């Protein structure tokens, strides 16, 4: 297992080493065409998760008059993150720097050439694969403030957030920073991606306030057929997310794919059966919500746990996220429109914690590090979770408050009534 | 001339159209509508948000007919649209003071 | 060709060998990252065929009030099969056992670790790849009883069916069982997947009876745009299905992809031109129905035949399935809602038979085995087809009859009228 | 870089060499499973671009009554091209022949066996990968004459066009023909695919005439949600298009994927901001139109330029295509329904020209060939562009005029009014 | 009997239904319509093609009521549907000469 | 006051709206409907299942107008909606006993 962790961490380190002595990196490792083939594919799969996957998942859940707006937000995020990434965010996250943030050694993709390697794959591929994570993370946040945020404010928020929150936290865990050093386990992004996005979403939902009419007026999903398509695309794309995080086509990648499949299925069925039991009927939206919860929770664990650990993580996340979405949200009264926090925040926390448990070889996992007990691993996980929640929560809050006072975060009442598609974009999603 | 307005269950449309045609009604105009009345609606549940929808899908038929056809037309509709269950719908009749066929500018009963 | 058959069969055998002497398996074969990359991708592609591919293909063909229900059935099957697979079905299909069924050596994924290989790929990947076949096969059956089956009965049926029918038949052909031993050729699942699903579908359609109003009331497809999307996804995903069945990224996989493309195109055009000729206009649904027919028929043949054999198989299946769907169904009067039998059953039979013909090296195929004539190969194929039809037909019938008397198979008239989405799941597919 | 160009060109040459001395080709190169894995995947990705990608992109932009017709056209083209390809077009494009067109050495896929290699991948895979280009190119043209062409005329046009235009031009550039020999750079199809399709589209739009009612009657896109899905699929699939054009999983492929991502994002944002500035609101359709423009423009450059060159190409194409689509089309008054020329023609020209600029090592590119200056490279590019425009324009015009006089190109007024779905195919896209 | 036809803003439907129910109206039929009037529409722009849409989404309610309920019903609608902004809609009243309940063939006010 | 109900071909909507506006009609309400009459429908075929659809898409316009505008309004519609082909549609006229503008509670012709 150490081997696997180091593979992940090494990727970042190679980027650094390559800066200084590119020849050396090449000397140490040679390009493996099989690993490269899988990582090219994984990059495509993870991009596919955001566009069209997540876009559809979200577009189907909002009212028809806002369908395009959420898709457009996801798309624009995809574009904006790409530009910021190659300009400086990749460097902030993965270039040599402090324990808290990377330097500017790879800004403007400096020192990333056709022949630069990162492990056994081209660094261009490593960088693009990581970019797809930096795309989906802010895109997930869209679910929390859907149907009411100004497009311009959304752009500013996302640009600042990826620079001030995502880049640093990514560096902490994967780029050679303090959390990774401490031994926090996050194979594919439980903290970096899901807790991060979930917490930012919760803060945004609260700062922006509820949608006008919520929760009294009906806000039925406009197109659950497309939501299910989006969920399916997320599921399939997640194979690239989790198995791709191994950065190689090997046994760990294979097992990561297997546990992803198992946890997802278990979480989906768990949610479905709870709903069936408590409401009397199982629903399609419940089923796929459970699936996404399972995908989220297995993410940090995917390179570390075995099939039976995956089953347990799936069941736990199906249950936990169901409670968060169906019970807690109503109890607390915030309007997390599409449950970015309920699913990604809570699912990410459950997964991050249980990674510390099921990594244990006795529970079928890859095994704890030398001298590490389950309790100590779990407390490392708690540190990772807490650090992410606090840092992301505070900085997201500040960014939002500043933007609100400078340009305003919310559309006006009338635009919200008319729908963002017409009000902000002069177009309609459906003219059937 | 009278305008007959019938609200029926959607799956009865073809039967009612045939019955009206047999009763001598030459044309009609059909709209998809939602009805509210004694028939109960349904519940929808999305991630814990429960909506009770008390409107049920119905089909509205409008047919302009000469006065002498009104009775037969109503009978035809009632005969064809009934399922003996709540929500079978209604027939309303109102007066028409004029009718014109756009193509020919014919007016009155010839226009129907 | 023997080489290729054995590769397929060996995969199962390695699983077995690995049980007893894992070290040995590793000694014989080393992991190939290129093969592994392709099999990880293929697994994603075949999962993609069911969700969202088949789900959309089916959802577009039913009435809008049942769109979610068929998608939900496909999704739930995906989840349920995953759990049963890792619990015991994988073991039933591929672990060492008798000629008729595998043992429990791999139950709970026992003996499948990060380093366990199956040929040149991790066994975890082999198992997940095979799982995607065990997912799509029952999902195909959904087409036969769409718009009228109880969700609970569907779950029970699928769980029992995969345990009692799919697992054993898969073992017969690919897991070291009697059909494989006998030399029946089924590269990617003509018998195991398509005939199996088609026959079970036919039995289900007959046992459940016709949809209320069929064939008098109009039952127009609600969203053929999505059906075409689903068909396209099936097509693309099928590259993983057929070329992935080689379990390696090599020349056979390449040729399998090529013949898949050719047969599909030929079948689609065949159906389209027949319809154009006989009805006066070519239709989009006809075109994609033909495409699926071609995909089905080339499946058993894909590793064995050449481009011109593929052309012939495509044309034959386009014609044969057209007749089954448009003529025979009406003549016999059963209500196979979305033609699971007409396309998968008949297409599978045509493909399985013609595999025995076009495998001949003289017809551009990979060549018959030593001492095997075309006639003897075709008779082996007939045995494979007949065994599958009889076994699957009888056991499916028994399961359905038992379930019908215990919990009832059909929704009531009123629920059918209202649509399964509202009646069974309290939700609607479209709120546009 | 020379290495890369030659890789591309060699692929064609191997096909030729393999004809004469298949043993030799095998002797020179061995199959690489990683490269093969990536090319199998890339083939799936590029097919995915047309079905469902482009089909959806187009179907969402037409009126609902024509949605199926454009999808059906794309699908039928996919089938027809497959058959013509294996019969003779592959051979015309890639078999040994003159500087202008290939011979018939690979007609009926002769000499393409399971063991035939093309570089380090099976020739079957090379041929199928190239087929997917021969599918999407004519499918792109559909956008220009959407909503008014007879289906039968469309079939004849496409069959003739691929034989008389696509096959030869492909041979000129990639099959060992005169443009490739001269040193024109076209990594993944700026001339062969995009200029070719754009020009043919423009000619078709002019010969067919405007849609009835254009531009007075409103012709609003029926389903922009699906258009965005289609655009996303094009984007993701384009990774196979561009990075796959390296025919290997290596550093050039990795960089090709990276520059594709960068140029696309830059072009999308460029279009969006221009529209925001000039119209007052940014639109989703504008954003994805820009993305496609960027994808088109980076295509010829993708194996040759660096990240900053990609940024420049993206911005240039976003601007150039915006002007072409929004300003020039209106000024000239032709009815290129879905902007096949405005996006693919203009984007292709911009990309082909700028490839000659940003290939320069000083601008971060792979470097100009020995003895080649930027000016001389750009003039080669101009020759490639001009030759394609003239040849494609003239031959397309002749084919269309002949077909018009023999069978007629346009549906009648009443069919156009009713919509092609009902009028030509007796079916409807949506029955919601 | 009278037929009350109300054109209202779509999001006011639930309020109007409740108000009518309180006023004693037992049933109604609802249609999604597009309205043209003083309220301005919106602009759409697709790749440079600008469309000005002067129809706005409205909801039409039709309720057949006995003569004595007409005043209350109108008041209920006016009270519940108003937002004091342009486009709140209209109420129209016309005569009905007949009404029949399909299920029971009851005619006249009993049928409502 | 009268209620003018016109059934027209959908693509004529903009022309008719303009003509009515010119004739002095200030507002109208539009519904998508399906019509049955002399104009033939179409056939659909899905995997061998043939459906003959005898309803054709139509657009219904309802406009409440003061009595003195009725003739002009009818003429405007007939003039703008005609294509001289079967299925051009009809104009029906019925009485309105009351009209109220919800926003202001104005009643009668002022409300139109």
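Per-chain numbering from 1; labels A, B, C, D, E and F assigned in written order.
In this section, a residue touches a chain if its C-beta (ideal position, glycine included) is under 8 Å from a C-beta of that chain, and two chains touch if they have at least 3 such contacts.
Being a predicted model, the structure only gives us computed values, none of them experimental.
The fewest steps needed to get from chain A to chain F, moving only between touching chains, is 2. Between C-F and A-E, more C-beta contact pairs join the chains of C-F. If you match contact pairs by residue number, over half of those in C-F turn up again in just one of A-E, A-B or B-C, and that pair is A-B.
Rotating chain A by 120 degrees superposes its CA atoms on those of chain D, with the angle stated to the nearest 5.
Look at where the CA atoms of chain D average out and do the same for chain F: the two points lie 47 Å apart.
Chain E has its Cα centroid 53 Å from the Cα centroid of chain D.
Centre-to-centre separation of chain E and chain F, using mean CA positions: 17 Å. Each of the following residues of chain A touches two or more other chains: 32-35, 37-38, 41, 220-221, 223, 249, 279, 281, 283, 285, 426-428, 430, 432. Contact with two or more other chains is made by residues 31, 44-46, 94-95 of chain E.
In this structure, the chains touch in the following pairs: A-B, A-C, A-D, A-E, B-C, B-E, B-F, C-D, C-F, D-E, D-F, E-F.
By the touch criterion given at the top, residues 31-38, 40-41, 43-44, 47-48, 51-52, 55-56, 59, 67-69, 71-72, 75-76, 78-80, 82-83, 86, 108-109, 112-117, 121-125, 127-128, 131, 151, 223, 226, 249, 421, 424-432 of chain A touch chain D in their complex. On the chain A side of its complex with chain B, the touching residues are 215, 218-221, 279, 281, 283, 285-286, 289, 325-327, 329-330, 339. The touching residues of chain B, counted against chain E in their complex, run 2, 5-8, 31-38, 54-55, 58, 60, 70, 74, 77-78, 81-82, 84-95.
The part of chain E that touches chain B in the complex is made up of residues 3, 17, 26-31, 64, 94-103, 105, 111-112.
Considering their complex, residues 44-49, 51 of chain E touch chain D.
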